[in-house]
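The two complexes that follow have subunit A in common; it is paired with subunit B in the first and with subunit C in the second.
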Partner chain A sequence: MNRGSLAKILSVSALGALALTACGQAGQGGTTSDDGRVQLTMWTHSAGNPAELEVYEQIVKDFNASQDEYEVVEESFPQGAYNDAIVAAAAADDLPCLLDMDGPIVPNWAWAGYIQPLDLPTEITDSLLPTAVGSYQDEIYSAGYWDAALGVIARRSVLEDNNIRIPTVDEPWTIDEFDDALGTLKEAGYDTPLDIGAEDAGEWWSYAYSPMLQSAGGDLIDRDTMLSAEGALNGPEAVEFFTWFQDAFAKGWTSNGGTIGNEEFNNDEVALSYTGMWNALDAVKAAGDDVLFLPPPDFGDGPKIGGASWQWGISSTCESPEGARAYLEFSFQDEYITAFSDKQVVIPATEAATAASEHFGPEGKLKPFVELSQEFAVPRPETPAYPVISSTFEKAAKDIMNGADVQSTLDGAVQEIDTNIASNDGYGF
Partner chain B sequence: MTLTHTAPTERPAAGRQQSRRRRAAAGRREQRAGLTMAAPALILLLLFLVVPVLLAFGLSFTNARLISPNPPRFVGLDNFVRAFTADPTFLRSTLNTFVFAAVIVPVQAGLGLALAVLVNQKIRGVTAFRVIFFVPVVTSIVVVSILWKFMYQDDGLINSFINTVTFGAWQGTAWLNNPSTALGAIIVLSIWQAVGFHMLIWLSGLQTIPEELYEAARMDGASPWQQFTNVTWPGLRSTMVFVLVTITIAALGLFVQVDVMTQGGPVNSTTTLVYHAVRKGYREQETGYGATISLIFFVIVLVIALIQRRLTRDED
Partner chain C sequence: MSTDLRGEKQLRRRRRIWTYTAMTALAAFFLFPLVFMFVSSLKPDGQILSDVSSLRAFLPVGDISLDNYAGVFDRVPVARFLFNSVLVTVLVVGLGLVVNSMAGFALSRLRWRGRGLVLALVIATLIVPFETIAVPMVYWVSQLPTLVWEDGLLKYDFGWLNSYHVQIVPFIANAFSIFLFTQYFSTIPKSLDEAARIDGAGWFTIYRRIIVPLAGPAFATVAILTFLPAWNQYLWPLMVVQQEELRPVMVGMQYFFQLNTAWGEVMAYTSLITLPVLVVFLSFQRAFVSSVAASGVKG
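Showing the complex of A and B:
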């Protein structure tokens, strides 16, 4: 092949490639429906969750029937692919008007310009649980219908048989008491008395274990400046907590084997299970009235649990944000919030909806979780650096679990987080 | 005479010109056809290989991020300095990648050859063995990884097997949770999964060696081992080069097993260059730094491939 034909082939290929990319730009259709209403696209992450999807479909149907200006068109994605879909859509400038997102990612997407300030009437956002509202730099960007909560699930009979005090919200286990209890339970024949879900991966690690770190007096980042993790993630309190964490595995109090979920507790293979309320109904089914929902242990600064679940926001490229706002205002009705709670087993975000809820109302079996959420919930740091912090925290915690030196691992994690923040010019702080 | 003398000289000249023109036209037609046939592959290669490589090259000198309101900024060699001086995970990833390749290449190639020789016998039921050895290759590596993850657990199949055959004298560990065994566990699983493929390649090489050569060797009184070293091995030279290059490239690109089974842990003992690039460049959204790692990886693979080519060509 001579030089000329190579050049020809390359130019033909380049033209073809250009044509293909041009095709990618097509397909952004009109935004009006057949009867002249403005269409609002809406993406949810709940394709794998029929109970949740059912409520959304009901809300959309009711909203579309309630007025003749807008029409909401709903599209759902499986949770595993959802964030990637949003990032890809943002890169292609093709975001939907309405989108839901996990609470801790809100500051990142707000900083990136994906979403705009929510601007809902304050009577709506004020009525919600504080952890069901997502903000960045003192501006509200998202709001959700519910929150989730973690707690320790136990059997009353097991605790009483082993003379372990049953803790309360006012008087939770101190860490020494907790250690003693785990030692006693191990001697009583439980191979690993505590299940903390360490076999799971991903955001669970930050969601479940960073509150323990906060309870011990450490944190993921210095929340005053949001510029460095120095001192928060590698200070003496953090080292003390992670040493406990490492020991808990080394002593066989807990393990990272087993299956994700709460099967071990339901089969009475573990005595205590640190898990979310989404597993609580099955625990009630397995243990009946014997089941207890307890606050997590106090590592020094009082018990803490993670707050913030999935919430709704409006994209910055939305052509009719008024319509999106109208839909969200319409959707924050107590009846829908109760429906989410009943079908999905989540804590309703408003008091009225909680009172009407099947599981969390005055007669509800899962009522203790409401108190845990109100008393102990701490939001994850509201900084765009959160995805990096979370990934680094997970890696460091896993390394420590597997026996890495605590101080140097935490120092490494701090360095990684600080490097990232610096290379992003402080993420706007 | 003159006529007969001149005519032949003139006619061939005209014919040469004509046939040259014909040949040129045919050549152009051929060229056009070739172009059309090559275009689909070339367009795709350009779009998904050349353009990304060029982009990665450009991005690795910037602080580009996946999600950011700020435009990327040129940062010179900062990313490269960071990789080699301030990122112990990167250095560990490089080491792990080399260890993995250094073990996989000889063991997998050797085992593949041994299996190929075994299933090349003319005995009944040999096809069944070929199929058995090949089954893991057609199974998705994700599925294989998930299954082996269960088998490697503290109370998993492997440990209960060890326990049984040693009559309880030797207790296994939780293979993937132990920093000193995790990479080894991944190596074993990877060999098990891929060895069937290379067995098949070796087998095709074995079957190109004519039977007469073996006959002649036997008549000369060669033992089976002498037959292998003097007939089989020289006959497999080009197959050997192919197997070596493909195993090396596949081994350096280790990713799925790590992503599914250990996520680089415990304590960085299984992180690899490709895994680290994905973690940094995509999951932690530092596209620029991820591109830097990819570029370094690209250069390493290129250098190794060139060395291999050099070594195998010199012997020709």
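Showing the complex of A and C:
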């Protein structure tokens, strides 16, 4: 290396670093736009989801066009990395004004001081599905444009050919009927008649299976105090449910193999699929008019499904919360909520938007999911301990699926949850 | 005698056949994931999943198209992410070679008090996983001073978040690279320095004119070892970069993991972002092999 080339490398590197220092920050901008409007940063989890982003971009465009005081600047993140980005931003005191969040995390972020009470007019929050509103300590912190719902997808012809009663919302399968149906379908040639999505991981486990536990009379935590899982997660009802859960795998009624999604049902490799309405349109495509959307079985306390999807909140460090509220008020228009529903295949959070929805309206093919949501949705416990409860529940349920002793596994899970709650002084309860 | 020779020849041929068979099997073993990735990038999701249990998974058969690539470009700004990753990687590697080799030179050739302690501290940092210091580092970089171009003037401000340099500067100084340079420079005879000193050369001239030209394998090894981590950066840019136009390719991977994963598009995207790595590796294959042989370091 000669003198000239090394000098060139050093000077180019130094100049490059200097230029990057300047140009990187140039994009960050100040708090006001060129025309003097206050800029409100807004983060969504929708990167990689063009259909959802399209609606957000339309709302932001419409809001900005209607404003001479505020301008919303949107940034989208991929869903799988979103919570990490929020936690890092909170550590750096760099949270955006407006942020969306998955419903169950709301109490934790409220407790951690990431978000502030929403303070939207009650006519807006009252018009939304109860599961589309996020609360902590009786205070509303978030609100969403939609909810999701789970159900059992089946083929009418398969049930009729096997003399299995088609359940309704008023008369769902009892657990005995459900067991008989699974046994019959297995004998009819389905290797694993039921797909419950056990190959998935993360929040799916609590979202999908804790409602079954609640249907059996158990729960993730004692909701009266929010201070202990004792009795709720390891009581006789919980043991009975998890024994059934373990048996379902042992008997080959279901498995944790296969692929995430609904491919097995669409290919008629499974007869029943316990899944979300986001897979319903593909099921209609695969099975046509033969497809049925059924309530989940009743384990004793009536069928239950998980409630709460993505919702919007305002960060506690937002310097213009009134601007953020103005944006949110603007955004909760039925036409936008319907647009989300049509493009995203999600249940609209308001009645008017539901009536106008292509998929969930009076003529919509996915209308049964609205009824399932209205009748059976249960919010996950509104406590900051929920992330710990959820991950502990997942680990325990997976251990039980793999053959662990039910009672001792649940006792261990309860101890882990209770210890965490105690070490955080009850999380404010 | 001739029978012995023939027997030896046959034995040698048999050995060669076995060697080539084993090497072919090993090559196929390492190539299968890449072949699977490229082939699957041409298939629809359903077919990828149904083919996966047979040899068809490695064959471009069935419903073959470039639809997944079109889907990738619809979902992710691939060109922008590739540009960002190339820029960050080139600067991390380039600046790292200069800074770390100079540090290695100072630690191996110069005599100064505390040299051993500094080297020990540098090596000690190798046992601290990046994940454990990531969050404090985020806070730290968010408070660092920076230059901002505003209203035609270069102004001072604070905060490095959302920038290219926050993805580059923390990774220029690299403890392992410093250690490697230090070790390699120590093997170069000190008499060369002394001769140069007698001829009136300063330390920088010795570094530039004597040590650097003799340390080609060390530079090649460090370049290769720092290239891959820089290209594969995920956690750090995820935490410090919020603007999409500054994100590198690995953060883009997450765009495909929605409620149901678009596997065909995942394969197409990974094919696209693997290509530059393959091109770099194939271009420098000879230097890579010789540097591994010379320095005894494996990646």
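Everything below uses one rule, namely that the second predicted complex is superposed on the first by the 400 of 429 C-alpha atoms of A that agree within 3 Å, B and C clash if a C-alpha of one lies under 4 Å from a C-alpha of the other, contacts with A are read in each partner's own complex, and residues count from 1 in each chain.
Here, contacts are C-beta pairs under 8 Å (C-beta built on N, C-alpha and C of every residue); 3 or more make two chains touch, one makes a residue touch a chain.
Values in this document were obtained by computation on a predicted structure and should not be read as measured data.
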| item | value |
| --- | --- |
| Contacts of A:80 with subunit B and subunit C, given as first, second, both or neither | second |
| Contacts of A:423 with subunit B and subunit C, given as first, second, both or neither | first |
| Which superposed partner A:391 touches (first subunit B, second subunit C, both, neither) | first |
| Partner chain(s) touched by A:256 [first = subunit B, second = subunit C, both, neither] | first |
| Touched partner set for A:399, first subunit B, second subunit C, both or neither | first |
| Residues on subunit A lying within both footprints (that of subunit B and that of subunit C) | 9-10, 13, 16-17, 20-21, 87 |
| Residues of subunit B touching subunit A in the complex | 31, 35, 38-39, 42-43, 45-47, 51, 63, 65-70, 82, 86, 88, 153-155, 174, 177-179, 263-268, 279, 283-286, 289 |
| Residue ranges of subunit C touching subunit A (in the complex, touch as defined) | 45-46, 49, 74-76, 91, 94-95, 98, 134-135, 138-139, 141-142, 146-150, 154, 157, 159-166, 168-169, 208-209, 212-213, 235, 238-240, 242-246, 251-252, 254-261 |
| List of subunit A residues in touch with subunit C within their complex | 1, 3, 6, 9-10, 13, 16-18, 20-28, 30, 43, 47-50, 75-81, 84-85, 87-89, 91-94, 96, 259-263, 267, 276, 278-279 |
| Subunit B contact footprint on subunit A (complex, rising order) | 5, 8-10, 12-14, 16-17, 20-21, 87, 90, 108-109, 111-114, 201, 255-257, 387-388, 391-392, 395, 398-399, 401-404, 412, 415, 419-420, 423-425 |
